[in-house]
Amino acid sequence: MGKTKQLDRRWLFLLIFLGVALPLIFSIGLPLETTKNVQMVYDLVDSMPKGSKALISFDYDPASMPELHPMAKAVVKHCFDKEIDLIFTAMWPMGVKMADDIIDQLIEDYPDLEYGENYVNLGFKAGGMITIQSMGKNFREVFPKDMNGNSIDELPIMDGINNFSNIGFIFSLSAGAPGIKEWVQIAHDAYNRPTSGGCTGVSAPAMLPYINEQHQLTGLLAGLKAAAEYEVLIQTPGTATSGMDAQSIAHLIIIIFIAVGNINYWRNKRKEKKGGK
Amino acid sequence: MKRKIPLLITFTVGIILIISEFIPHKPFGQLSGELEIWFLIISGFAILLGQLSLFKVNIIKIRYKQHDWQFYIVTLASFVVMVALGFLWGTGRSAGLLGHGEVITNTLGYKPFDYLFNNIYQHLQATMFSLLAFFIASAAYRAFIGRTVESNLLLASAVLVMLGNTTFGSLLTGWLPESLNFLHLPKVSEFIMTFPTTAGQRAIMIGAGLGIIGSSLRIILGIERSYLGGE
Amino acid sequence: MKKTLIFLSIFFSYLLFSQEILFDIKDKPNDDGSALILSWDTSQVKSFKILIERKEPNGNFVVVTNSRETIGTFEDGTDVNPGIIYNYRLSTLDDNGKVLYIVRDTGESSAQWFNKNKISLLIIALLISLSIIYYIFSAKSGKDIYIRKIGGLESMDESVGRATEMGRPILFIPGTLDLDDMQTIAGLTLLRRLAQKAAEYDAKLIVPVCRSMVLSTAKEIVKEAFMKAGRPDAYDPDSVFYLTDDQFGYVAGVDGIIVREKPAANFFLGAFYAESLILAETGFSSGAIQTAGTAMPSQLPFFVVACDYTLIGEELFAASAYLSKDPHQLGSLKGQDFGKALFIIVLTVGIILEISGVHFLKDFLALH
């Protein structure tokens, strides 16, 4: 590596900057096709009857917001549209803020939703897998109060929630550990609850094997593209859809430069061979 | 004796924890969780050591006016300001020494700590993360050169996965008939991610897992002592 | 007579309806006796909701759970202790909350000494561990153990020499996780050897760390290494210092060090997440020779692309044995290879059995 003349990488940085920034400012609206794993998540949420309960765990921090926040918003919106009651929690400390932010963004569009009746934020609990195991044994012992200090016995949404039995499905938005894997291992494998999740693109290969015949994971939203596909399915284009334009253009620029790099390499190699002769 | 005691502790605790993985009966079933809590408590105290180290290193650089010493003042000032704001007015729903600071909260819209966290820290974090976009581009440009069979395979799979993850992938192969649907770029991309990539990652994880078992046994048996410092 | 008939009709009605309601309490298997499994089937009777209560020592019944499912199970793990008999009462309610039927049962939990669900894990763990221990101690016989060349480890001396010639420092990053992660310990093991080499060659070492516990350990390791090399005077206690626990704050700090100090050799050995490419690319741009090692599969591609040498997964853990050439440690690597052979055999047999529709191996190996 290195004998070929390399383009100054700052040109590449400039083109990437323009390739990402311009589509975000001037939306192109490139079409999107729904993939199987995203459809599975959509079908899971869509199949829930009105009034059923779901647990959404915010297991990420601000660094992963660009990928996970749009899918969080899309899934929560879908749940609110289907009148599914939502229990928010977090296995990462900053996940609480992420949950709060999503609620703040959406709640104005749903004035009929009442905190404590239709949704609740239980806050963050340290411990990862051990906490999830304890939730499966005795939910109320792990979360005796919500994050505002209200006793969960006084919250109608928590009526009958003593473990995972009365929860329709669990959805984890995960940027690492603890996250989807831990929820699958406990909520699905030990307590047989449908589990799904959203993760960053780079973590997807580690999660995909859980989408199997045992349905350890019911679909997966992997990366910004999946978030954009979900927005298309719920017919609410958002930041993911506009971000996909930027991602597509950026990928294209990288592919073009890879081609240019290869052409340069082979041209130089041929020159060296001719020079050798 | 100075080295024998830590080795004995390591051996005893290691063996007990391995055994307790299989014994649910009290107290064995709870040992692992308890020790994790002990670790959290100790590392909580150890945080003080880290902060002292940070202060010491930066103050020395400022005191002796080493190169770019002004920037080290920024580090220390940021540290002191955030800690002070958190102590004085708290964060989120927690009160500080001076209560919740209603006046300043009404002015800023947030508590001072939260204001700086939301408007400076979060954006700085996102900025650092977004450097990846540029670095991935430069790394890909440099590395994806088809010199050998393996690098050609790498190049081909990288291009297929990248295209499959964009809208262009659907556009380029969307016209294919149903019988050739398996050549549709998003499907090819999904196949590459689900099978060869996952298989490779799992093989690495199995190897790493065995490496962890080997390393752990060497440490528990006292054969590996580097972590104690010295031979 | 009349009273007897009324009593008998009530009694038989109770029997009839209670048989139609199945309510069973069992000890939860493979636990420490802190849970009971309650299962019910009220599908044969009219029921809108079921309510399960447990009798407290003061005689009152306290609600344990309620459900609209006619068939279900519930794990009661609240204040359940082994050896105590607990009384439960299941009531079926109509949609107005009126009690229709009541069934009672008792249950007692017990603690198990062995988790039968983990038999397969125990067998495999024993096989691998015993083989590693066997090869460690059989290495005493003095038999020469072959180990293939690992480029990243062979080049360590070259990297340190390069740094000395150029008069530039060596940067060592022991990962971004804490001391409880094996990758961090593996990284620190290599730090010891590197610090010793740096002391011998009189090269400057910079070790910024992300965790306070790692700070104390790394300081001790570097100090001991310098002493062992006979250069206690050359040891700089501020060469190992703490930056921040925050992932991207740490990356920003390290990048700043790379750009300012321009180290000649970078070592990234430990656990990394998204910061791996940022570190490696910044190091590449500074012209340093870079060696990376991690067991995080998602980060390895970035290191492979941006670094000169990469230790992949188990190579990081083998480093200590490789560099020391100690027969005992090399023996453990042979034991790991036995483990790999075992996995390959089990995988192959498992695939053949699954294709043939025989599932006993999969069921045996699955952890419940």
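Each chain gets a letter, A, B and C, in the order it is written, and its residues are counted from 1.
To be clear about the criterion, a contact is a pair of C-beta atoms (placed from the backbone, for glycine too) under 8 Å apart; a residue touches a chain by one contact, two chains touch by 3 or more.
Quick caveat: nothing in here was measured; it's all calculated off a predicted structure.
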| item | value |
| --- | --- |
| Third chains touching both chain B and chain A | C |
| A-C or B-C, whichever has more C-beta pairs in contact | B-C |
| Relative to chain C, chain with the most remote C-alpha centre | A |
| Chain B-chain C separation of Cα centroids, rounded to whole Å | 15 |
| Chain A and chain C, separation of their C-alpha mean positions in angstrom | 23 |
| Where chain B touches two or more other chains, by residue | 125, 128-129, 136, 138, 140, 142-143, 201-202 |
| Multi-partner residues of chain C (each touching 2 or more other chains) | 248, 274, 297-298 |
| Junction residues of chain A - those touching two or more other chains | 9, 63, 205-206 |
| Residues of chain B defined as touching chain A within the complex | 33, 36, 40, 93, 121-122, 125-126, 128-130, 133-134, 136-138, 140-147, 155, 158-159, 162-163, 165-168, 170-171, 174, 186, 190, 193-194, 197-198, 201-202 |
| Chain C partner contacts - residues on chain A that touch it in the complex | 9, 63, 136-138, 140-141, 159-160, 162-163, 165-166, 176, 189-190, 202-203, 205-206 |
| Complex contacts: residues of chain C adjacent to chain A | 34-35, 64-67, 69, 72-75, 77-78, 247-248, 273-274, 285, 297-298, 367-368 |
| Contact footprint of chain B on chain A as seen in their complex | 1, 4, 6-7, 9, 12-13, 16-17, 20, 30-33, 35-37, 61-66, 126, 130, 147-149, 201, 204-206, 208-209, 223, 225, 244-245, 247-248, 250-255, 257-258, 260-262, 265 |
| Chain B-touching residues of chain C, taken from the complex the two chains share | 30-33, 111-115, 118, 121-122, 125, 128-129, 132-133, 136, 178, 180, 182, 185-186, 188-189, 192, 211-213, 215-217, 220-221, 223-225, 227-228, 238, 241-246, 248-249, 251-252, 260, 274, 277-278, 280-282, 295, 297-298, 300, 302, 305-306, 312-318, 320-321, 326, 328-329, 332-333, 335-336, 339-340, 343 |
